[in-house]
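Data first, discussion second: the structure below is written as structure tokens.
Just so it is clear, A, B and C label the chains in written order, and each chain counts residues from 1 on its own.
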Amino acid sequence: MVTYFKDIYSGLVSLFIGMEVTFKEFFKPTVTVQYPYETLTMTEKYRGHVELIESDEGKPNCVVCGLCQRACPSACITLAGVKPEGEKKKVLTKYILDFTRCSLCGSCVESCNFNALEFSKEYNLASTRREDFIFDLLQRLEARNK
Amino acid sequence: MSSPIQLQTDETFVLNVGPQHPATHGVLRVKMEMNGEYIVNAETVIGYIHRMHEKMGENKTYPQYLMNLSRMDYLGALGYSHGHVLVVEKAAGIEVPERAEYIRAIMVELNRIASHLFWFGAFVMDLGGFSPLMYALQDREYILDMLEAVTGSRLTYCYFRFGGLYNDIDDDFIDAARRFIPRMRKSLIKYDKLVTGNIIFRKRLEGNALLSKETCRKYGASSAVARGSGINFDVRKNEPYSVYPDFDFDVPVYHEGDSLARYMVRMKEMEQSLRIIEQGLDKLPDGPIMPKKKPKLIKPPAGDYYQAVETARGSFGVRLVSDGTKTPYRLKLRSPTYSNMHLFDESCRGMMIMDALAFMGSLDLVIPEIDR
Amino acid sequence: MSLTLLNVIFAVVVAIAFAAANAAYLVWAERRGAARIQRRPGPNINGPFGLLQPPLDGIKLMAKQLIIPGGADKVLFIGAPVLAMYPAIMSFVTIPFSDSIVAHNINVGILMIFAFASTGSMSLIFAGWSSRNKYSMMSAVRAVSQSVAYEIPMLITTITVVMIAGSMDLMEIVHQQSSSILHWNIFPLLGKSHNILMPASFLIFFICTLAETNRAPFDLGEAESELVAGFHTEYGSMGFGLFFMGEYANIVIGSCMTTILFLGGWSCPFGLFPGVWWFLLKLYLLIATFIWIRWTFPRTTIYGLLNLSWKILIPLSLVNLLLTAGLIKVF
């Protein structure tokens, strides 16, 4: 009989303790970010999709060695280049990133020995069409320069 | 008039829980044969999110496979990567700098807390309380922010490399981690008050789904499922790897074998992880995070290698069979949830559906990790 | 005659408007309250503080197609949401908000309200039965056992109050408590009864109200993590909307009854300025407690719920009834 009332009492007390916790939380400030109205800046090391880095002359640093293409686990990268006559280095003519298959592992950036690739800080990526995620990085570079 | 229907008192019906059901947290399907609210028989059906991770392991080179591991268990990804890098390092004979190992341990423990926090929230949500999930997510968010600042991603990290790490940690991270430890301890007290002490919660879990040691052994259960049934097994203690022998921590073991014991084990594990992080930050040596000489192309000599690690969900084993080429001959992943989940079929017989789903919650299932 | 009829029609219209407005804005209050507890802002886009959210939700629900699952019992399927709403509206007719604000006071008001309240679970049974869904069916079965288990202690507690007041007239019950806080039935130190167990009785009544209205922690009927959405799994559009409004209207009724029976209705704690504002203040404080409880506790089990009722609430309320009867006899 005593345990019966003890159980009821301790049970009730535990319920009030729980209610006290939520009551205190009620008056604390909110912690969420109101996304479309407020945005966060990404940290320095954030890994978005890759972008080409340009040299001082505004040309991509890439020398079309193809290491990133080989390092990629999902075969997202297609690149091509030509060797203009009289020049030592190849010039990049095409750099396509198929972002639908990319898993942002960063192997391409790590494999690059010529400081030609970097991670972008972009995370607002949404579309209903698959084609929107096949990025032409050369075009993006030109668009950035404009 | 038609004749009255003959009622059969032992008539059962099949209830299809999942693959789209709020309690299965993913695409697990449980075919339950029910007698009213009581389960007569249950059969878990898996494979809805099978992605052939093991086969991918045979086709990809070693570094290319790194990012697959974090896709297995999206809540405690770093623990899985840890197992993979350790086995490849063992096979290829790569020396890991001490600093890198310490950072790995700290990261894995942080990730373990994040995973347990999410489990805690989701488990209480299974039981019908929604607010604890939000509080748990706030603390988890703090960890994810910390990890994001170092690893560059929030959930599916690709942070460990063979021989070391992708990025070094900086003072900001260490400060944040030091601030996190007291904050988390305070939160744990809050969870105790709000959830653990709650009479409704305790009444639901005490004596629910008793698992014997024998059952746990039979199915190869690990993590809190085994430790809640009195089996004192933790890979970090029993088969020490990495720098875990340097840390002073306890393995919480409960002997009741009910859902509350499993819950308590995980809550206590978070406290122990905090201790490991604290010690790791104190002992953190200086030095490089990548070895000086590292083979350019990883080609482990032919042989059979195995490494088990303790992840948030239990003991995870990677068996690597190498034939000396640049891709593995076979890469077998022993995932802990797969074993833990198969307890469910046998143990939930005769339970009511609400108890069975509470039991399922206490097993901490992550479906992509079962299906691989 | 015609004047009375007009009166009743007016009363019903006002009751429907009050119930609907309350239901709509309680959803808003619940969402905002839950959000505050969880440290989020809650709905805050439509209108100031998100106040336009409920009407917009209503418009959305009305614009949706009502889907009737194949093989469902159409009549019951469509009828069930209406049944969920009507007892609440009918009960509002006889609830006195103050000395003058009452649609139609009858001298057996309590009886009428409980009669209507007990038909509330009919709608759950009909919805669960007619949906042709196993989850809904299980939810309906749970709802039956739940309402049986909780109406008993609720009625016993109510009888205690009726015995103290010696009347089933809600107006009369409030008048007897109107002097000061010590005359209220929750602390009956100066009133007719001197039963010190009345606070416990108040708690029992409050718990039963939670269970009767299918609110957390007794929301076994809709238990979203087990039965998906319980009896309203198959309902969309305004069918779902009516269930929702019915739930909130029932909460208002339950809180009104608690206020009248235990908290002295529209009387002021110090005997000053009695009026409808006191009634509304007590009513909304009780509703806030409902919301607060829902976002704090996990759900009980079905047997935990029945154990609570049969092992704790019913014996305690019976003891309380006997004690009150004895005390009335003595004093």
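Miscellaneous remarks
Here is the rule we use: contacts are C-beta pairs under 8 Å (C-beta built on N, C-alpha and C of every residue); 3 or more make two chains touch, one makes a residue touch a chain.
All of these numbers come straight from a predicted model, not from anything done at the bench.
With respect to chain B, maximal separation of chain centres occurs for C (centres as means of Cα atoms). Note on interfaces A-C and A-B: more C-beta pairs are in contact across A-B. Centroids of chain B and chain C (each the mean of its C-alpha atoms) stand 43 Å apart. Computed centre separation for the pair chain A/chain C is 50 angstrom, with centres defined by C-alpha atoms. Separating the centre of chain A from that of chain B, both taken as means of CA atoms, is a distance of 25 Å. The residues of chain B that reach two or more other chains are 131, 135, 138, 194-195, 198, 200, listed in rising order. Looking at chain C, one finds that residues 37-40, 295-297 touch two or more other chains. For chain A, residues touching at least two other chains, in rising order: 15, 18, 21-22, 25, 31. Those residues of chain A whose C-beta lies close enough to touch chain B in the complex are 10-12, 14-15, 17-18, 20-22, 25, 31, 43-47, 71-73, 103-107, 110, 119. On chain B, the positions that touch chain C within their shared complex are 13, 15, 21-23, 34, 36-37, 124-131, 134-135, 138, 194-195, 198, 200-201, 203-204, 352-355, 357. Interface residues of chain C facing chain A in the complex, by the touch rule stated above, are 33, 35-41, 44, 292-293, 295-297, 312.
Chain A makes touch with chain C in their complex at residues 8, 15, 18-19, 21-23, 25-26, 28-32, 34.
Across the complex, chain C meets chain B through its residues 34, 37-40, 134-135, 138, 141-142, 216-217, 219, 223-226, 228, 295-304.
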